[in-house]
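Below: one structure, written as structure tokens.
For clarity, chains are labelled A, B, C and D in written order, and residue numbers in each chain start from 1.
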Amino acid sequence: MVDLRTEVAGIRLRNPTMLASGILDETGGSLLRVFEAGAGAVVTKSIGPEPREGYPNPTIVEIEGGLLNAVGLPNPGIEDFGDEVKKALAGQAVVIGSVYAKDAAEFAQVAARMADFGVAAVELNLSCPHAKGLGTEIAQSEEAVAEITRAVKDAVDVPVFPKLSPNVASIAPFAVAAEKAGADGIVAINTVKAMAISPELAMPILANKFGGLSGPAIKPIGVRAVYDIYEAVDIPVIGVGGVSTGRDALEYLMAGATAVQIGTAIATHGIGVFAAVTKEVASVLGEIGLPSVKDAVGAAHE
Amino acid sequence: MSRMHVVPILDKVRESHHTTTYRFRADFGGQAGQFVMVWIPRFDELPMALSYLGPVKGITVHAYGDATKALASFNLGDRIGVRGPYGNTFRLQGETVLAVAGGTGVASLIAAIEGFAQQGARVTTALGAKTAEELLFADRAGASGEVHIATDDGTRGFRGFVPALAEKLLEKHRFDQVITCGPERMLRGVVDMALKRGIKVQASLERYMKCGIGICDACAFDDKLVCLDGPVFDGEVLAASEDFGKFRRDKSGRRIPI
Amino acid sequence: MVDLRTEVAGIRLRNPTMLASGILDETGGSLLRVFEAGAGAVVTKSIGPEPREGYPNPTIVEIEGGLLNAVGLPNPGIEDFGDEVKKALAGQAVVIGSVYAKDAAEFAQVAARMADFGVAAVELNLSCPHAKGLGTEIAQSEEAVAEITRAVKDAVDVPVFPKLSPNVASIAPFAVAAEKAGADGIVAINTVKAMAISPELAMPILANKFGGLSGPAIKPIGVRAVYDIYEAVDIPVIGVGGVSTGRDALEYLMAGATAVQIGTAIATHGIGVFAAVTKEVASVLGEIGLPSVKDAVGAAHE
Amino acid sequence: MSRMHVVPILDKVRESHHTTTYRFRADFGGQAGQFVMVWIPRFDELPMALSYLGPVKGITVHAYGDATKALASFNLGDRIGVRGPYGNTFRLQGETVLAVAGGTGVASLIAAIEGFAQQGARVTTALGAKTAEELLFADRAGASGEVHIATDDGTRGFRGFVPALAEKLLEKHRFDQVITCGPERMLRGVVDMALKRGIKVQASLERYMKCGIGICDACAFDDKLVCLDGPVFDGEVLAASEDFGKFRRDKSGRRIPI
């Protein structure tokens, strides 16, 4: 029997899969349902200080190899979100609260409220294009990443996981900046900047024109990011981007991830994907004679 | 995955002063009860029931807010985007069926009404609208069985709300299946009266949607998703629901009383 | 009849498709064969000053949505390459010569030799990870891009097309730097940094470990890059990344590309892809009532 | 696209002091003449003919350079990567077939020899090697028809090169099809002697390969690709070739005399 358990910054998981932020995680009912379907933990939608409607539709385009989205961070705001987290926690779900904000001070406030709700950790969505930090996207400034991480660390007692953007020349230095600022783990990657155009209408499909690419298309980009980050830091890495099978998950684990998150695959595989991925991870590990998920972590490094 | 099909409008039929049917060709399937996401370029993308199945599909749209009003000004040959079909379907099980439709709700029901009739069931339709001019698909429903009409202002048929008409029909005749679509408060009434009599009932819900494919959680309803687990729900499920007829989610995801 | 012709920096093309650099273009025979199969122009393999064997195998991984490659710029060196170009030109092919080098001076030398062979333009492969400029990949330094472009412009009389990497936080400033340095057009995008791991062997598949992602997976990334560049510069843009159908090509054209390049699709569709793409471009343009490819260029901008 | 299959070695059979057959299970097809790209982890990825088709496939490898020598030290259960099948196939057209194999070339021919025999053709194999111990698949060829052997040192059969043996057979018997694989100079001889007699001939070529799928141009041969248009070429095509038996491409793509 392969031991599927893993542990990220002291959070024990029954298996290495997590629900990725932004997918079926805006309501307590859905968070719990996904946990019950087999996810080792569930990450909430990124929640900000105030309710936000997000962008007008179309916000999602189904494309070859994944999804393009520009939902624009719709969320009920941190105050109303407590009830949703409580509902999920009442059902014994392991919940990680994702937050966004416009600057370090606001990040600290929202994260502190999220921690109050009883989440196991907070994840920082640094890829928010609305929240400008130092004249660019937060996720594209190492200083902003460090500053926000530090502010949140000072404000909460649970582990803090900054989530990095792949839209940078080199991702590892951002992970290093976050680690130095006290991060307990790194989540990588968020979506990749992209666009889809309708030839017949000669216009971008998304109301926001630009969006983020997710799904199988970005898996090799995410695996490389995790591989690079693993070589650069000592804190755990949580891999995300295009996981839809156990073999995908193993690519991330062997690249150095301690756990993987799954989002877009829910659109193609349903929420049964968590159990299916876990099952295939166990079967491949069994086949190649690795006794546990922990033994797979980082195995692709020399 | 279902890619966006950008297709010209092949036919446009004015059904009432505010409601229009748009027909288009799309090479994806579609069964009774399913919906498509309709991209009205420069305005919005909205869920709409398939009021016509087959290769030349149709949607029947109430020009209600900005986007649906903009759509009303689209001409033949103008292009819209459609992706789908999404959602579950009406189970066509039953010999004697009562369909209870309010307003544009009949757009979601009409394919089921025709489907039941085609497989030999006896279908009675209770069709409601504010006023006679706004009645939709009375002819199509009539071609599939008996039609009883209710208008709020009494300009045609029974004066009053369609659930009241439905209740009369349930008292007079034996039915083994009720299907319904319309405003959620109306659905609540129809579901209650059917369950009270021990009759199976399926209701199609309309909730705010973004993705249509079960990932964004915008259409969350209890711990279900209207776009994926619905839009058609069994009466028992609805009767046990905390949200049905009481709470909805706004665009930000806040749960607010209806 | 839709007019399929296009023109890039004075080079007239019978249709807007080109062969992308690095795919079936190391020999005169293949260049000519692809041109005869319907490409409007053919770009050569990137040629350097000396022969280079490239990386050991595996150099190519077939993955969902495309290819991962780390061929490592194998090429016969600029001196031996003259015969290949001549063979293609003798068959009336429109040939664009791609070059790489380690610094601006060497770029100028290789480009000058390439121009001597009679090519219609030179394309600058700035994504070469071996050629370090200013302490980073050339493609990740705006100054290096400008310096090399300027040096090559001084050395040749044919149009010069720097080819940009998507592995940057924001691609448009690089296009602007190249334009200011005298570039006659911009080619975007090169491959995206990526990796594939074999779960069973717990190791990266590519001998070089890291590679570049190409094919359908990167199309939305390339379309967005072209859209951004088109808004930022006045010189023509040549779009590349994941084109395998006419509708893909139209996404690029409407995003602002004057022509598109096709590489990876040859693996899935064969060299008939050029004729097929051209045919579908004509049919969609006909359907939506646009009389020519030129009318489609940039049509997705307001 | 054919993804990399990483599979354990199920069987390992020493065919001669330097050549070994490796068997593995892979759920892709494969026909006579096709090859796979074989990843020898930490060493190289190389093209190898499928010497066994069916679900448990096989390759037969001469331990020649670093990578193939490394492979020789792999044990049962050790994993290799295989992707494919790639390339074209031998056309199995002909009633009386002469197969001319030199060295490991028989690995590319043996499936065709068996294929011809299965469909009722009379197959004669001329099998060559440096010395008796290095002869490959004499038994398998024998099970499909007559086998004539040539060794350079005369330790078994005819003493001399296999083309000379083939020439004798062509003089004595009527053949309507020749198939051949081996060193390119040998192929040149076999192709010439067949064409001279007006007999159809198909030869399988071995060229340096990187991608195996027709994109890298490493295996360019005239204006053709050995991995995609080949590895099996008609004699007429080879006779008209500028490169056949004369020029090859090195790893950098330079065209150099063989």
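Criterion: a residue touches a chain if its C-beta (ideal position, glycine included) is under 8 Å from a C-beta of that chain, and two chains touch if they have at least 3 such contacts.
Worth saying up front: this structure is predicted, and the values here are computed from it rather than measured.
Chain C and chain D have CA centres that are 36 Å apart.
Here the spacing of chain A and chain C, counted between their Cα centres, is 33 Å. Centre to centre, using the average C-alpha position, chain B and chain C are separated by 50 Å. Of all residues in chain C, those that touch two or more other chains are 63-64, 199-200, 203. Taken as a contact graph, with one node per protein chain and an edge wherever two chains touch, the assembly forms an open path, each chain linked only to its neighbours along a line.
You'll find the chains touch as A-B, A-C, C-D.
Listed in rising order, the residues of chain C touching chain D in the complex are 22-27, 29-30, 32-33, 45, 51-54, 56-64, 67, 71, 74-77, 80, 83, 198-201, 203, 205, 207, 263-264, 266-268, 270.
Against chain C, the residues of chain D that register as touching in their complex are 1-4, 6, 37, 39, 41-42, 44-46, 79, 81, 83, 210-218, 220, 222-225, 249-255.
Listed in rising order, the residues of chain A touching chain C in the complex are 63-65, 68, 136, 140, 167-170, 192-197, 199-200, 202-204, 209-210, 213, 216-221, 223-224, 227, 247, 250-251, 254-255, 284, 287-288, 296, 299-300.
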